[in-house]
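Next, two complexes with chain A in common: one pairs it with chain B, the other with chain C.
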Partner chain A sequence: MSESLSLTTRMRSRILCGVAALALGTALQPAFAEDAHYGGTMKLVAVASEGTLDPHINYTAKYWPLFIWTHDGLMAFKKAGGAASAEVVPDLAEEAPVISNDGKTYTFKLRQGIKFSNGKDLTVEDVVASFQRIFKVSSPTSGSFYNGIVGADKCLADAATCTLEGGVTGDAATNTITINLTAPDAEFLYKLAVPHAAIVPADTVTKDAGNEPIPGTGTYAFESYDPNASLIMVRNPYFQEWSAEAQPKGYADRIEYTFGGTEEAAVNAILNGQADFMYEPVPSDRLAELSVSNPDQLRVSPQVAWWYAPMNVNIAPFNSLEARQALNYAVDRDALVSVFGGPALASPVCTILPPDMPGHVDRCDYTADPGEFWSAPDMDKALELVEASGTRGQKVTVVTDDSVTSRGVGTYLQTVLTDLGYDATVQSISGDIQFTYIQNTNNNVQISVTQWYQDYPAPSNFLNVLFGCDSFTPGSDSSVNMSGICDKGLDDRMKAAMALGSTDPEAALKEWGDIDYDMMKLSPAIPMFTPKDVDLISARLGNYEFSSQFHWLVGKSWVQ
Partner chain B sequence: MLPESDKTAPSPAVTAGEDAGRRRGPWKRVFEGLIASPTAMISAGLLMLIVVATLLAPVYAKYVSGTDPFRSGLSARIKIDGKPTPVMQQSTEGLGLGVTPIGPTWGPQYLLGADGQGRDVAARMLYGGRNSLLIAGAATLICLFWAAIIGIAAGYSGGVVDGVLSNLIDMIWAFPVYLLAISLSIVMIGKSFALGPFEISSGSLIVPILIIGLVYVPYVARPIRGRVMAINQSEFVMAARGLGIRRWKILLRHILPNVSTTLIVFAPMLMALNIVTESSLSFLSVGVQPPNASWGTILQDGQTLLYSRPWVSLAPGFAIMVTVLLLNLFGDVLRDVLDPKSARGR
Partner chain C sequence: MLAAILSRLLRMVVVMFGISVITFLIFFATPSSDPAARIAGRNAAQETIEAVRKDFGLDRPLYVQYGLMMQRLFISQDLTSFANRGQKIIPTVMAAAPATLSLVSGAAVLWMLGGIVTGITAAAFRGRWPDKLLMGISMMAVAMPVFWVGEMVNLVTQNRLHDTWAFSWVPALGYTPFSENPGLWFRSMVFPWLTLAFLYIGFYGRMLRTGIIETYQEDFIRTARAKGLTGRKVLLKHATRSAIIPIVIMFGMDFGVLVGGAAVLTEVVFGINGVGRLTYQALKVLDLPMIMATVLYASFFVVIANAVVDLLCLLIDPRMRRA
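The block that comes next holds the complex of A and B.
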């Protein structure tokens, strides 16, 4: 009995221990399992690199998703998928800024104990110097994002002596930074959360750093960059996670971005397990096959973006309003959607603001049946306009990059231009120089094919940045207003709408919708389609998350 | 005119029949030699067929396929079995992603299917072939012309002229052919330029013709120079010189006719090489520019359709292979006919 009792007791205690261990194990399992994902090398591939590694200058959808893991700003977009990715959270700032002086003064408390990847401590001097550097290196958005900072006008006029006096000041004693604006700006926190407002060491060169990595505070640091071969990112040895929302610790130990090859080769590399992600869209003909054979490796996500063809309003033939409008009437958006992979992957657009952008209104004049949406091209109207413009027979060169889709769009535009009576050709140049090439007025680009993805969810990011007077800098590679349009009336309305956003956001959005419509009357570009993002990922890649701001969140995915 | 080298003492192996053949005249003998060779006849016949087919490209496009091979046909539809069918076909399986151009119909329209722009590949093949052959042929003539001038000038003049020209040839030779061609192309296709009184537009076929015609000049000029130097030391030239015949007469009567056989032997081989070079440059986007087509550009178009529509790549690849093979076969026979000694030596 006693023995039996003792046995029962022992058994009971064993069972209890087992249950306890099981419960503990179950509780700890996710944490251990997640820890197991840290490490490994993530391999990315792209057809070409995309310019400078300077976060204050590079303005490409290829490198911004990398800069957010190597550099931080005072604020950051939440590194999360879905709608949460549009939220701005404190990053190097301890908390959201104190906003005073009727929305014109922002005071930030800087986090302490953060180091750059070169081991130097982050200080308020670095923050002040970084804002000055935005102007000293003529950042592409210095005239559009940051021109509202007090002293910015002097910096824009004479970059070399930029001090932003009275605009950005630091107080080392209280570890605070104060930013004064000339007028309230409802989008200012968004602008502080993009890579152009990255904080870099105060002693960073005040010119384009080119291929030389600039130290940052992010979870990764650039180890090397050869635009013709590869870009390597490794863990920042000094990184300690301070905010999982703003800058979480990345899973992979090392990220290797390899440039070269073709989209086809990239697809094969991913299917063979030799790469984890490709930057370029999956070639249209492979999509059909992959959507049947490897659906688990495809991720389709909506984007706030547009593919468009800016027309240079300052040189023939597109210095003629009629010629620009003619092309807008003639372009078959459905045909272009098929170049991108069909209606499952893109939708025709007729406005500058994409459908998911606040302020967007469904309106379309440049179609056979004007109304809310694009329906079909109107070639008769287009031919009439070309005749009226007197530009028939002129030579036009469409400049595209060398990706399959861009070349396909360019070839289609060349056909349309030929149908309209122009002597049209297509010039396809490497993707790593095309975006800057088409910006520089010295290259006399008449029409080009390009894309724009939202930097932040505000209409000014499309209208003011792409068609504002401040974004047009003749002779510069950083002149993102590629149409070269500068309509003073619309420019003033855009500035007023930005100011209105801080007091009456609803009224501001309505005004942006009207500005969009009025800008399209001037037809500085051909809106073509809004694309969906299709990522082909390797079978081993886990925890894929898509941010509407920065697309695939590379640091949040694991490869083991 | 009989090449003077053939008037020299007959080789011991010369037979009575061959001796009679010589009396028939060299060009007639060459012609008869070619006629007698099945390889030459088949290759020349097939080459002629290819040339005629490509010349009939507009007829094919207008009356057979009924499409414009230079216009995007992204929204086009054709009738198959009486049913209208889109040329660009939206995927309906799996996730329903992607658009694939129509495959070979083996009928008059879209015989070999469509490319990524919905254009008829068969019609583009014919137009592309016309351009490829035109570029290769014209480049061959330019190359032979300049190679002959440089080679003869260097080999016949000797001295300083030879030194300058030989070093110039060596300098160009030092550049890898494709590197030189790509570099020249990138510079020349970017913008229009003036060639004397003529304005050459960036998309003109003259650009690849000039580039390909020039890059191979050293490869032909050097052997020509060597041949001229050898002929210059031959007995009949020495004899002519001894008789007081003027230099320019020796050049015209004795050197040129003998060099011409070398140039003729080079022609088909060089043309084959030029077809490959043109295709390579066009494949790399630095040769024929859109909207023009060549076999190289069609190859490039098909690169992204290799999995779903391999014919877009296979067709121009096959055309290039066959044409180059035929030119090489014909060139081999031509060389043997023009230089029977080398044929016997092999």
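The block that comes next holds the complex of A and C.
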């Protein structure tokens, strides 16, 4: 998941340390099912809306946390704060699927008695049609998450006639759904738990539904959507809670999301009690003030993400291994943490897998004192390596987006590159263009500053997606392996580790940790820091819970 | 007269055609603006991108794409956004237009009244303290960026003094349609109007003062004085009427540009989701259909405003009628 899919391109440059401490304690309150808390209208604000309301298509961090309350998949991420949020639990499926045929066949029993928000009963036909629809509407992840389903190749080639024959079949008599994969996939249940695999009525239009709400089975239903004004969610009149873990009954009766204005205005609105939550990060100047004046309204939560600087291994100077390693030795992660807002808001990293990602192992070679953690830059070693690489004096342009933090990080990298003897400059590009710009090899980007947030808690989501051969397509705006690295040996090991995950998850995680270490030896990117999430909430908002998957759990908070 | 109108219409079409072609070409010349990759979504598989490219006709030659876009924008009127495939462009722009019109019309009344009063007062008291005071304030108004003034106004009315008697009547930022609640509409527009008008009062006041003072040197003013007219009559009936023509021309241009979306900063600061903000958001996400529609909408108003100004000038200044 990229920067704007992240709940945050949450940039902040300065903040008092107090902020962080405050809220970690309150972030994990138990949920009290007190009737008094049910009801009321929750008001959310954002500067702008973010695209279609079609859960099979929208791929943004702004709407994913809403879709999980309006739609269900066969499986769901547990709606809980903390570590439990990474667990997958049965949702529309009665229980965890029966997996057979060497991990290639999944059999689900569909829950009965569930109705869509339009009053229609949920049936196996709806499930089958929903999987076909993922391809018919060219869902962004149809070719990356769901291409392992039998028949997916035909659907990707010709979406209109997609049947997923032999891939997804339903049996109305036994109320079961069988999904056949071409190969075992340890991450398949995660993929079924994200909004792109939401189950919608079989008669849903097979094109982007746009602003028209699609009925779902969740506790809320979209009432209206005007991208230039507001998004309204109300209770689904047919909803009856079947699993408090997968789809608990939401507290607020109505959720109003309004779009417009500025971040400054949103902060004021929350302080005035006119809004309960703002999507955008609190402006850094206000954050310092708020950490003193309203510390009880700030919540700081850890994220599974990283800020990194991919280096293009195919063009000078970073086609030289020594040059790439030199920069990794030279970068002072503590300085970068300060740029982001200090230790309360970020922590230095040295690996590709973030600390909270399964498979992560604390290991760091690129530091003054190699061991588990990064301690300080090693400039002497870096200078030696630059000398050895013979790239000293070459021109290097760091491409950042136009946010304050990204430019700050870019400027810092420029000084390091200059210290190493390069002729470095920084180029800032609008945040909405930069992410595709740095992917396209035609733009000859040497090094850039970007972020990646997990789609689901699997190591391949970072290693294979960002550094696998399949993610590298020269000349395309969709080539998320920005380093352009394609190491046959490591790529094979990653594929093997994904397969191993379905038979021996423990061994697979250990292998991912080793792959991470070996990949970093090739130094395709500079891991910089793990960012934390900061939310500003209204004084009346209670029971704030933060899921590592979908961030703030809107339905679990109450306003009265 | 008919010929004049027709020639104006023709000129308008040519101008708008030129603008649309330039907008279209700039879009496709922007690096990494590939609409198919953007529509398909992040990290989409190449097959998905190709499917989208075909679906949207983005694999066809540029001139065909241009023709199709114009056809869907003006004839079938079902052009949809690239950022949100289900969002129709024309209804969206039409829905945003009343907010901008409310903002700009209200502010225009204020700034014309304020500008004229300021200009005439300053000219009448030329060189004395009211003149100096007014011109000082006008200079400040022109110098302060509107988004900054807006944020300051918000700071006072929404934050620091929001809970006091002075500003507790100010509703939360945002736009309420007049048809929904006229009272709320008015209350929520007061500060946006004042903020936007402030800048223009400064401009217009200074322009008018200078105009009147220059006009005082003209022969016909001397004649008026020689006839024995009072100072007030000379000022209001003769000098101001002549000096106001450039102001009217300027007003036409400013009004057209603002209705077309140039009030974006005021709109964003006050949370008014008008055409300006729509344009800005479309540019941010490289949403070509929306950019195209809003740019053409803006140019349409500029051209229309120009035509109206020409007519108004004929009414005000008899000398122009002779030409």
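The definition used in the following text is that the second predicted complex is superposed on the first by the 323 of 560 C-alpha atoms of A that agree within 3 Å, B and C clash if a C-alpha of one lies under 4 Å from a C-alpha of the other, contacts with A are read in each partner's own complex, and residues count from 1 in each chain.
Heads up, the rule we're going with is that a contact is a pair of C-beta atoms (placed from the backbone, for glycine too) under 8 Å apart; a residue touches a chain by one contact, two chains touch by 3 or more.
What you see is a predicted model; the values in this text were computed from it and never measured.
**Student:** Counting only touches as set out at the top, which of chain B and chain C does A:101 meet: first, second, both, neither?
**Tutor:** neither
**Student:** Touching A:174 in the superposition: chain B (first), chain C (second), both, neither?
**Tutor:** Neither partner.
**Student:** Which partner does A:264 contact after superposing on A: first (chain B), second (chain C), both, neither?
**Tutor:** A:264: touches chain B and chain C.
**Student:** Thinking of the overlay built on chain A, is A:300 touched by chain B (first), by chain C (second), by both, or by neither?
**Tutor:** first
**Student:** For A:57, select first, second, both or neither according to whether it touches chain B, chain C, the two together, or no partner.
**Tutor:** second
**Student:** When the two structures are overlaid on chain A, which partner does A:440 contact: first (chain B), second (chain C), both, or neither?
**Tutor:** The answer is second: A:440 touches chain C but not chain B.
**Student:** With both structures superposed, pick whichever of chain B and chain C touches the larger number of chain A residues.
**Tutor:** After superposing on chain A, more of chain A is contacted by C.
**Student:** Residue by residue on chain A, keep only those touching chain B in one complex and chain C in the other, then list them.
**Tutor:** Looking at chain A, the two contact sets intersect at 262, 264.
**Student:** Could you list, by residue number, the parts of chain A that touch chain C in their complex?
**Tutor:** Touching chain C: residues 1-2, 5, 48-49, 51-54, 57, 59, 138-144, 147, 156-157, 159, 207-212, 226-229, 258-262, 264-265, 268-269, 271-272, 274-275, 430, 432-433, 435-437, 439-440, 442-443, 465, 471, 473, 476-478, 480 of chain A.
**Student:** What does chain B use to touch chain A in their complex?
**Tutor:** These residues of chain B touch chain A: 70-72, 74-75, 88, 90-91, 93-101, 116-117, 189-190, 201-203, 285, 289-291, 303-309.
**Student:** For a test of understanding, state which residues of chain C touch chain A in their complex under the given definition.
**Tutor:** Where chain C meets chain A, its residues are 30-34, 37-38, 40-49, 51-52, 55, 80, 83-87, 92, 95-96, 151, 154-155, 158-159, 162-163, 172-175, 268-273, 277-278, 281, 284-286.
**Student:** Considering the complex alone, what residue numbers of chain A touch chain B?
**Tutor:** Checking each residue of chain A against chain B gives 262-264, 283-293, 295, 298, 300, 332, 334-336, 338-339, 341-345, 395, 397, 402, 404, 408, 410-412, 414-416, 418-419, 424-428, 534.
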